[in-house]
Every structure is written in structure tokens, then in C-alpha cells.
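Shared between the two complexes below is subunit A, which pairs with subunit B and subunit C, respectively.
Here is the complex of A and B:
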């Protein structure tokens, strides 16, 4: 197990380096640069006063070779200093730290809610079957088909504008008011859940059905094991492996989903920070967010692997 | 938003007029618009206690003038040769070349906001705190940069009657429809809105002010001498294109109530406006002029624009009716200053915030203008510009009108409509002063409807 972790960590370092380089190169290939953003001529039909533009480019080091610029960023980043945004003048680490709780709340609650509701519905429909099973099938199709954006706006119109129960947009930090924090997250998390839940339920139902039809289940029944124990202790544990994979994938996927949800619900999270920074060519922020995202994805995969090992001893050997 | 925390030397009111704020008076000294004197309001201090005096103003101008700082006013301040401290409350700005627009340069639209010199010496702090003379101060603990900014009233403000609220929160919402929902739910009291949501907002019972801050949209005819498209070298052809456009229909289709047709590069009640009437919609006249110029069968006009832009297509439909075929080339981004690239086209998309004609000249029609790829030269325009630069206020007004008329007569552009953003607001809570197509009122202008601020 230690070797698995060590190998994963080495690969992670390489991955972070590679992705940060890739982001750097891709971002500089896109038309425009941060000097234009600062001078207010970064729009689609922009034109910059040449003298001021060149002077600012020089000041920001944008006239240096790409690899020199990357090395400057990297050597700074290796000491833990992610730099300062040339656009806002803010320290990148503190900008990310101030936004991480928002995205973390959204993704953790979103994953938990989706998995909990999805697995429950899946188990229920596998055990009960029949009409409920068909409902799960239809729901999972709908969940994929309904655009999140539309769903989010319908929720706002219903719960905020018409019923006045929940705030339409915005975020309240948990230390300011736990109640308002929860209220501000219900609609975004609800939207994420409805979009992901159905697929989850279907996956759980399919794996459960497979588990329940196995030889050992018949054996357990024959030995008089209770139905509850069969479903939860034996079948669900065996059906859990593909579901755990899905939880991992969902968790990682929600980070990119958050990007969109944060924009619609105006939540000050990392996704929106990344979008704003990308549009404004604010490289230090983009790099910072990408590094943090990559680390989270790597860590999640590691945790998923460890959970596999716990669920299925065969994995531990390989 | 900055107006909440940073007073300016000269304040541009919603009706466009210039009013004293930190400067009590201003004037050009002598002839020729090269020396500008500002008298400052006495006994004013920045929030950090530094006095607002002539030295502070000098420090601000010199800071913004430095290209390494990246101020958007740097280009206009480049002509400043010296900032002279005459006495404690008097500053003189000396220019290397004449500029009649310094009063508007020192408003909130330019380099008017004054920052404490102590903060300028350590600019990192300016990113997270406010260091102005202002009605409000930023509350850093309740602010997430790029998302929302909380401002609290400054108890020591020099004009307490102008502080209308205890607290102002400015939020940036990337999705307009979500912003509309927040307005309807009462979470926001006022918000900027484009034509996409103004109607929906009005139907939902919100009040509408605007549109303001006009942007002129149309085509910039780059090839004014007919190098690439010989037909464009003939003024009759360029005028024919202008007659062929049904501006009323296009403006209402693409911008609705947020738009207004225009056939010139100016806006109503702003400097240079000539009243409507240069090019009324007249396709027959367009065909006539084309025939006179020898293009009765039309011609093909290559146009450069950016992806997702719709106006050029609407123009193409109109021009198609008189036999002119637009060959539309859309890039992801379009650099107006890319002279070499732009010279291959006959025209390019134009979308530009209307500013005074002597300033527009440096962007669009002087030979060395940024968006004049073929360096087209019209002697009359150059002479008018030279006269305007040294003119007094009254003469400048007159010359501005003549400049816009000359540009329209040359038909170097195909302006179609003006459009601007509006403000949607809850009239039970807030009042929004407004002058259509002139300005976006600063947030400081929003005032409570009832006597209780909130």
C-alpha cells in the first residue's frame, strides 16, 4: 500500500508540472495578453495605444521568451509563492484561499447529496424493481437531457422570485451565518444533484441487480440471512466498487461543473475566478487555480484507489 | 464603482455637465490649450490623513502618466510635460502639445480620481483597501474581489449630505438572467442591464432608466482610397452604402429600446452631434449613386469582423438589395490596430464608445490614427483638428460639429446605431437620475426613494 501511495505521489508531481506548462503555453497562444486587459483594450475589437502597450508589456516581462517566463513562474511557485495578479494586484494564494471554501462547500455537498440520493433510489429500485425501476430509467434520461442552465433559472424563478424562500444568487460564508450559508447553497447544490443523481441511481441499480443475482446471494438466503443484511452488508458492498468510481469521477467532474454553477448563481468560487482570469489573460491566477485543481484531482484519485483496496482485497495485491 | 470611495477633481454629472468636486475651479491659462490650472478645495484630507494638496495632485498625475503603471489614461497624459505646484492649492498642468479636453480628462471617466500619495508609494495596498477622499470606504472583510465589494459610509466625508446610504454592496453577476431574478427577488435594488433583459425587467415591474453611455456600431470603411476594392475610392459609392442602410429597422431588431439609429460618429446632446439627416434610408438614391459611379451591377466588399457579431449580417442584407455583396470574414478576435492585416479588407466592424470628435480623430480619421490602416488623409479634417486643439470652449463646440459633418460627408464610415446599457431598479427603494444616451450615472448618484437609507 505504501508503494502505491509513493508511486502515485511521484506521478502527481510530474502531472502538475506537465499541466502547468501546458496551461502556460495554451494561454499565451490565445489572442490578446494581460497588458491589453490592464489598458482596457482587451475586447474583441480592441486597439491599444502602441507606446503605452509596449512599455507595459516590457514592465510585465511579457516581451521575454516563453520558457523564461514559465521558469520565472515555476521557480517562484516551487517556493510556495504563486505570485501576484497583474490585473488586480492581489496575492494569488490568498485569492485562491478566499474562494476555495465556496467551491469546496459546493462540490462536497453536491457529491454527498448526489451520491446519497442516487444510491438510495438505486438500491430501492433494484430491490423493489418493477415500476420504480422504470421511473429511475426515465429520470436518468431526463437528468442528462435537461440543461443545467435552464434548470437553475427555473429553480430561481420558482423558489426565489415566486415563493421568496431562497436567495436567487450569492454566497454567505459559514462563519458569518451558518443558516444563510446553507440557504445560499440549496439551489446550486440542488441543481448539481438533479443533474447527476439519476445517472448515479441507474448505475447503482444495475450493479445491485448484478450482485443480487450472484450465486452467493442465493446461498446466503438459503442459510437464512436476513434480507436487510443481504442487501446492505453483502450485495451493496460488492456493488459499491463501480459506485465508488462514480463518486470519485463525480467529485472531480463537479469541479468543472462548479465553474458553470458558480457563474449562474454568482458564487465567488474558484471556477469563476478561473473564468475571469482566463478571459483577462491573468496568467498567475490561471496557473494557481490549475495547480490547485490538479492537486485535488490527484488526491481524489488516490483516495478512490485506497477505498478500492478496502472494499476489495484483490486490489491491494496488484 | 470607484466613485463610491474616490472623489474626482472634476465631476461629470448624469446630464454630462462638469461640476466642481475636489477642484473648485479650472481653466486654461493663456492661448492655445497648453497650460491648464486647477484650484483645489481647501481642508480636504484622504482617509489615511494625508492632505489633498497640489503635491498630491502632482503625484497622482505623474503616477498615471508612467506607462509601466498601466493606467488607461496614460496615452492621454503622455503629452504632459510638467506638473507645476503653484501654491498649496493650485496646480498647473503643462502640455507639450495642445489638448482642449483636459477638463473631461480629470473627471471620473479619465484620470480624475485622486489616491493618497502615501498609497501610491506602495501600490500593493490599493488592491485591497481604498485610499481616496470618498463618501464610502471599502470593507475588506466583506469583499471578495471580482465578486462583490462592500462599502461603508465614511463619517468624516467633507460633504455629509451627499452620503445617501449606510452601506452599499456592489456585486458582479456574470449571468444577466440570474441578475434579473435577484432584482425580482429583492436581493438587489438596482442593476445594469443590456437589451437582452431590459424588456423582461420592465414586464416584471421593475423601473428602467437609460440607455446611456452610447457605443456607436457599424462599419469602418478602411479602404478609403480604393486600393483593395476600387469602388470604395469613389465618395459616391461610400455614400450609396450609407443610403442603403435601414438604420431604424436594424436598431430596433438588434438593440430594441437600448438602441437608437445614427448616421454619424456622435450621440445626441454630445459634442459634435449634427441632428439626424445625413443619410436617410433611400435605396433608390443608393442605386442611382452606384450607377453614376459606374457600379450599377454592384461589387463585392470584403469585411473583417469577429465571431458572434450580428450587425454585419444585417448590413449585408440591406446592401444586397442594392447589389453590393458583403464577403464577411469573422475572426475570434479582431485587432483594430493590425494595420497590415486590416489593409486586405475593404471595411471592418466598428463598435466604439462615443467620445469628443477631437479624440475620436486620433482613433479613426487622422492619417496616423490607430484604426486607419490605409493612413487615409483628408486635408480639411487635419485643418479642423488643428484649429480645434487650440480653440476655446465655444469655438471647440462649433468645430466639433463641423468635424463630424465632414466625416459624414466623406462617408468613411457606415454608422448604423447607438446602443447603451440601461439600469433596472426597484423604484420603491432607489431613485436613478439619468440623461438618455449621455452617461451612466455613478453609483454615488443612486439615492433612496424614502428618507431612510439602507
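Here is the complex of A and C:
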């Protein structure tokens, strides 16, 4: 277990360094640079006043070798300071931090709803089987095939525009009005849930069927263990081991999903920040989001490993 | 169908498509995979999917000639019209024809997906082949790199790429292919590693056949199946991501039609004409769906041909339906002192979708405190009979006739609730593989506790005390220590003792021991048998011992029944069985015991194999393998004959056989 975590930690550090370096290297490949963008002569046609341009490059440290720039950025980043965007003038760390609660609400609720409904439906269809199983199959295919931003738009058209039940767009912080906060999240979270639920249920069911066919289930049943205990205490507990990995993947996946959902429902979250920064060529912000995002992925994988070890005694001792 | 991508839109899990396909691919006899395609086309959904994909591709190619309008023709007199005769799919907010825009829009969307898939294949296949074929350090470096790259949040990295390269979708799609390739490369590597180890490939290497030749001739055909599956699923993902990025405002700008762009245009007027969402969304959704279905179909076809079709719909039923058709013959008189009395029981199971009889007209009595052996080769129906007594036949299995009377209750006709109440407290089970019989995630103590609590209740402390008593009773040297261990920390013998303790928790009066020592070492075997004998003496418990080991019968049993192909062919006391075997099958089984064989002679064996259920011969089931068979043996079913002194035998020549064995 310790070795597993140690290996994961080493990979995680390597990953964060790799990603941040990658974004730096990609910048040098970009046609034009930040200084030109700020001076408004980023395009091919406009020519920059050379002196002003060089001065700005020096001020931004762009005349330094790439590795020096990277080292400066990294040493600052380690203190939690991701710098200031010369394009928009925003402090990258605080821009991301102020958007984080929105994305966190969306993703955490989305993961919880998807996992909860998915596991329940999955267990039910494993125990009952038959028609429910086939419905889950079809829904999981649809959940895969239909783009979630399109689904979001359809729900918006139905519940907000046609029926007028829910707000179509916008976000209310929870400390302003918990009720409005909840209302503003129903459609986004609901979309994420419906898109992912069936796929999750299907995997839970497969995992449950696998555990239910194990020899220990037959043995326990033969010696009088109750059906409830067999399904929940034994089969589900064993099925939970792969399901935890799925929850981790789901959680990380929903951060990507948030890029689209936040845009559809105009939620001021990290995803929307990243998209707007990308459209505005605001690389430092994009880079900051990528790094924070990578940290979330890395942390999630670590948590999944730990929970995995906790659930699986075979891993725990080694 | 095993599409494993849990969510859609951009949130496609790029490693995803975790293929259980593993190492299957076109088989060696068919290097070009023609039958693979035939198998794919036989599935109606797959054929439909291919049809739809062809339609979409053709529509995009022929858009210049077949599209009813120019995709940029603005007609402000007909905006947001909805479907009409002139505009089959309606018009958008500028009065442009939706169908025409869809046809032209497909070009860019599909070109982008094609770029991503090409990159994905190029990198995934070459990388996987190199790592798998050369092994060693190439493989180690590869594993580390994969672990790093798989964890990269692909979509945000795409944003960086788009930001740096000013929304260039070609580069973005190449990047997408690169980011998605490692998971796929891992699959290719797995297959390659497997193929490399096979004899004919090793041989080819030894003969100095060039690597290039081995890869092209032997390895590529084998990975073709997984490659197609992954390419198909990834193509669907790439289409979705392309549309998603277009929706976010990247890629071709208006008025150039793209599917994603049409969705964003539709969203702007969603309150006035929601219909506009339908054509691009459904076209795109169906394309992704078709690709996913196609991937599944290829996977299933591959699995089918390699004989590893995914098991479906065969689930163990929670309580196994026990309902018998009571149109059975009148039960023969029950031995008055029998604890369990099986009369004329026939059982059928569902094999390959057919109901097949696996046990036919079995009679069997077990008295309290007695050990009865049930002997035979595997596939004779011994274990099925054991399952039926416990009410644990598989979902489609049922007792079709006869009665199983335990303690005055006919188990064959009682419901799941009665059976549930009897299991553990009346009839208990110990099974062949003790380690697999214990739940891996609970300690031995927790598992004994559960059954003690279930059968006897009491406080947590009382339950644990009773569990430790039981673990002590089964002669475990350190009950407290063992109670704290997980199954994988136990030896086979210890695990079987724990299993016996669990079976004893409900103080059963009948224990069904299904090959309880088969999986154990010889020294441990005798210890377990000794334990069972002692427990039986102390508790007055009856044991039904299912085994194929005469040594176990000799050591344990008072009575023995020999089973062959669904029938009991001989029943008598154990000593009589060894002294006067009267059925040719019993004779053959006894003869093939190593300790009975004569030095210097080959070990005798019964020629042939046990016939599979459903293909039993008409008369005596053993006749085709029998040295004593006469024409009469195959004409009519042979009844159980009374050979005197409680000795029953299902053979018309038992007297001759007795004579011959002397």
C-alpha cells in the first residue's frame, strides 16, 4: 500500500511538472508573443514599435531563456502565486479561487448525484435484472452518444423556456440565497447526472453481477446469511472496489464536462474562465487553470488509491 | 455491449473504452479478418450503424450536388420556419436551409474526427507494438510515460493548444489523438506481448525471420480486432469533442456550417424555435451512437469467434426456483428414521438456452448422525443434487419431479422463505475451494460472527465469544489470531476450518460437504476428515459427502451411493461397496484407484467419457462404456434392482459382475 502511494506520488509530481512545462514550451511555439498581444500588434499585419516592444519583453521577463522563465514561474507557483496576467491584468490565483466554488458545487453535486442514482439503479438491475437491465443498457449508450451541452440546451428549452419552472442561466452564491443557489444548480447538475447515470449504473451492475457469482456468495447463502446481507454487506462491498475507481474517473471527467455546462448555463466557474481566457489568448490564466486542474486530478487519484486500499484488504497489507 | 465511457460531451474519458476484449483478435486461421466482418454484419444493429454512417459520409461528399440549397443562402422571408415541403428540416434564424447546412457541416466535423483518429492509430499502434515487441527497457519507459500521460486532463490541455495556435482545429485534433493514444497503446502492447510469447512467433524469431515480417504477418492481424473497436469508439468521442469545441466558439467561424456551430446558432433562438436543436443534435448523436454500437459489435464478433462470448443473462438466482411439477409418481415409502429422504428426484438445468435433465429419478436417505457418500466422476449430477437440497439451483434450474423431505417438510415444493429458514440451521454446506468461499474483504472472525448473529443473535460480545468457541472447536491453533485475519492470509486448511466453523454456526443437523478436501494438500486432507469425524461424533450431525475419492469414502462413510450420468447406479453400505461392488461403473471406478492397482501394470481406466446431459443413451446410461453390456442393456431404462441386504444396483448383470470381481 505504501509503495503504491509512493509510486503514485512520484508520478503525480512528474505529471504536474510535465504539464506546466508543456504549457511553457507550447507558448514558445505560438506565433507572436504576449508582448505583441498587449501592444495590440499580435496580428501578422500590424508592426510593433520595436523599442516599446523590447522594453515590455524585458519587463515581462520574456527575454530570459525559457528555463529561467519556467524556474521563476515554478518557484512562485509553489508559494501559491500563479502570477498576474499581463493580458487582462487579473491576478491568476485569485481569479481561479473566486471561480472555484461554482465549479466545485457543480462537480461535487454532479458526482454525488450521478454516483448515488447510478449505484442504486445498478444494484437494483443486478438483483432484479430483466427489463430494467435492458433500459440501463440503452440509456447508457444514449448518455454516451448525446453531447451533454446539447442535452443541457434541450432541458433548458423544456424546463426554463417552455415550462418556466427553473432559471435558465446564472448562478447565485450559496451565502446570498441557499434556495436560489439550489435552483440555479438543478438543471446543470441534473444534466450531468442524466448524461452519466446510466453508464455508471451499467458498470455497477456488471461489477455486482460479478460479485454475486462468486463462490463466497453461494457459500454464505447456503449457510443461511440473509439476502439483504448478501446483496449489500457482501456483494456491494466487493463491487465497490471497482466502483470507487469509477467515481474518481467520474469526478475528474465532470471537471471537463463543466467546461460545457458552465458555458450553457452561464455559470461563472473555472471552466468558463478557461474558455474565455482561451478565446482571449490570455495564456497565463489558461496555464493557471491547467495547473489547478492537474492538481485536482492528481489529488483525486491519490484519494482513490487510499480508498481503494481501505476497501481492499489485499492491497492494504502489501 | 460494453461502452464504458461514463459521460458525454467533452467529458469523454480519453483512456476510456477500457476494453475487456483484451487479447482477442482475428484468429490465426483467418489473417485478413474476413469472417470478422461477416460476424459483424450478421448483427442487425451493427448493419444499421454501418448504413447510417455511410449515409452521413455520402451526404457530406455529395453535398455540392445533392444539397437543395447553398448553405449560406440567406432568405429573410423564411426564417425559423420549422420543417416544410421546401425546407425538410426547416430554416435557421437567417432563413438558411438546415438540411443543406447539415450536409456541408458534416464535412468539417468528420474531417476533424478523421484527423484525430489517424493520429490516435498511428501513435497508439506503433507505440504499443514497440513496447510489446521489444520489451525490456522500452516497455518500462513506456509504462511510466503512460501512467503520466493518462492522468493528463486532456480537454484543458486542448484549450492551451487552441489558445496558443489561435483556434487551429487541425492541430487541436492531432493533439487530441496524441492525448488519447496511450490507453490504446496499452491494449496493443498487451496483445503484442501475448503473441510474442507464443511458440510460432518465438520460433520465427529463432529462425531469424525479420522483425518487420513477424509484426506484419503475425502480430498486426491479431491486434486488428482491438484496433477497430478502439478506433470506432474513439471516433465517436472525437466527433463529440469537435462539436463541443465548436460550441465553445473554437474552430471554423460563421457562416461556415459545422454541426457544433449549428447547435450554438440554435441555442441563440431556443425560445423562438426549439426545433432547431433537433437536427444537428440528433445527427451528431446518431453518428456517435452508430460508432459506439459498431465498436461493440466488432468486440462481440471477435469474442464470439474466439469462443469467449461475454456471458450474458446467466445470473445466479437469489434463491433458485425450486417449484416442482408435482405430477410425480407416488413417493415410495420413506425410511422412518431418515433425516433427509430424497425420492425419485429429477432436476433440469438450462444449458445453452435449453432445459436439460441432469439428475434423473434419484432415491437417497440420510439418517441422523450418519455419513453418506455420493461418489462419481465430475458431471454426474452429484453437486447439482446437493444444490437442490439446499434450494440453491441456478436461476433456470428446477426440480421437475420427486420430493426432498427434510424433517417432515418437502423442500422440493416449499418456497424460498422456508428454504432460507432451513439453510444454516437445518442443512449447511462446506465447499471445495475454502479460500474462494470466504468473502475477501472481511476477516474470518467477522464472517463467523455474521452467521452466529444470524442464527443465534445476542450482543456483540456474546456473538464474538461464540465465534471464538467455534473456531476453537474446529481445532484452529490460535482462534483469536485467525479471527483477525483476512481470507488471503489463511492457508487452505485454515480457511476450510473457518468455513466449517461458519457452517456449524447454525448447529445444523445435516452438513453437505461438497468435495471438502479436493483442493487441499494430502496431509491437510486427512486432518480435515478427522475433524469432520470428530465433529460428527460430538454433535450427532449427519454428513452428505460428495466426493470422487474412494479413500475418503472408506475413511468416512457408513453408506455410499455411486452416481453416473444423472442416475444413482449403486447404493449400499460402504464396506459392502468395497467388498462386493456390483455395478460395472463402480467396478471401473474402484479399479482406477491408484492404491488398488497392481505394480508393473498400467493403471486401468474406464474408456470413454461421461455423456453430457441431454445426450444420455436410451437404456442404461453406462452401456456404451461397459464391457458387460448386452443388447438388453440399451433397449429400456434399467430399474434399481434389489441385490439383497440393502444393496441396490442399476444393472441387469449384477450377479455376473459380482462373480467376476471375486
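Assume the second predicted complex is superposed on the first by the 259 of 318 C-alpha atoms of A that agree within 3 Å, B and C clash if a C-alpha of one lies under 4 Å from a C-alpha of the other, contacts with A are read in each partner's own complex, and residues count from 1 in each chain.
In this text, contacts are C-beta pairs under 8 Å (C-beta built on N, C-alpha and C of every residue); 3 or more make two chains touch, one makes a residue touch a chain.
Computed from a predicted model, the values in this text were never measured in an experiment.
Shared-chain residue A:51: touches subunit B; no touch with subunit C. In the superposition on chain A, A:263 makes contact with both subunit B and subunit C.
In the overlay built on the shared chain, the residue A:156 is in contact with subunit B and with subunit C. Judged by the touch definition given at the top, the superposed model places A:79 against neither subunit B nor subunit C. Contact with subunit B, but none with subunit C, is seen for A:98 once the two complexes are overlaid on the shared chain. More residues of subunit A lie in touch with C than with the remaining chain of the pair subunit B and subunit C.
Touch criterion met: A:59 reaches subunit B, while subunit C stays clear of it. Within subunit A, the residues touching subunit B in one complex and subunit C in the other are 31, 153, 156-157, 161, 263-264, 275.
The touching residues of subunit C, counted against subunit A in their complex, run 1-13, 144, 147-148, 151-157, 159-166, 236, 240, 243-244, 247-250, 263, 266-267, 270-271, 274, 277, 280-281, 284-286, 288-289, 292-293, 313, 315-316, 318-319, 390, 392, 420, 423-425, 428-429, 431, 433, 436-442, 447, 450-451, 454-455, 486, 488-489, 499, 502-503, 505-506, 512.
Those residues of subunit A that touch subunit C in the complex are listed here as 11-12, 14-15, 18-19, 22-23, 26-27, 29-31, 114, 126-127, 129, 137, 140-151, 153-154, 156-157, 161-162, 192, 195-196, 199-200, 203, 206, 209, 212-227, 229-230, 233-234, 237-238, 241, 246, 249-250, 252-257, 259-261, 263-264, 274-275, 277-279, 281-283, 286-287, 289-290, 293-294, 297-298, 301, 311-314, 317. Here subunit B touches subunit A in the complex through residues 67-68, 70, 72, 74-75, 78, 123-124, 126-128, 144-148, 171-175, 177-179, 181-182, 184-187, 306, 309, 332-337, 349-352, 363, 370-371, going by the rule given at the top. Listing the residues of subunit A that touch subunit B in their complex gives 31-32, 35, 38-40, 44-52, 55-56, 58-59, 84, 88-90, 95, 98-99, 152-153, 156-157, 160-161, 164, 167-170, 263-266, 268, 272-273, 275-276.
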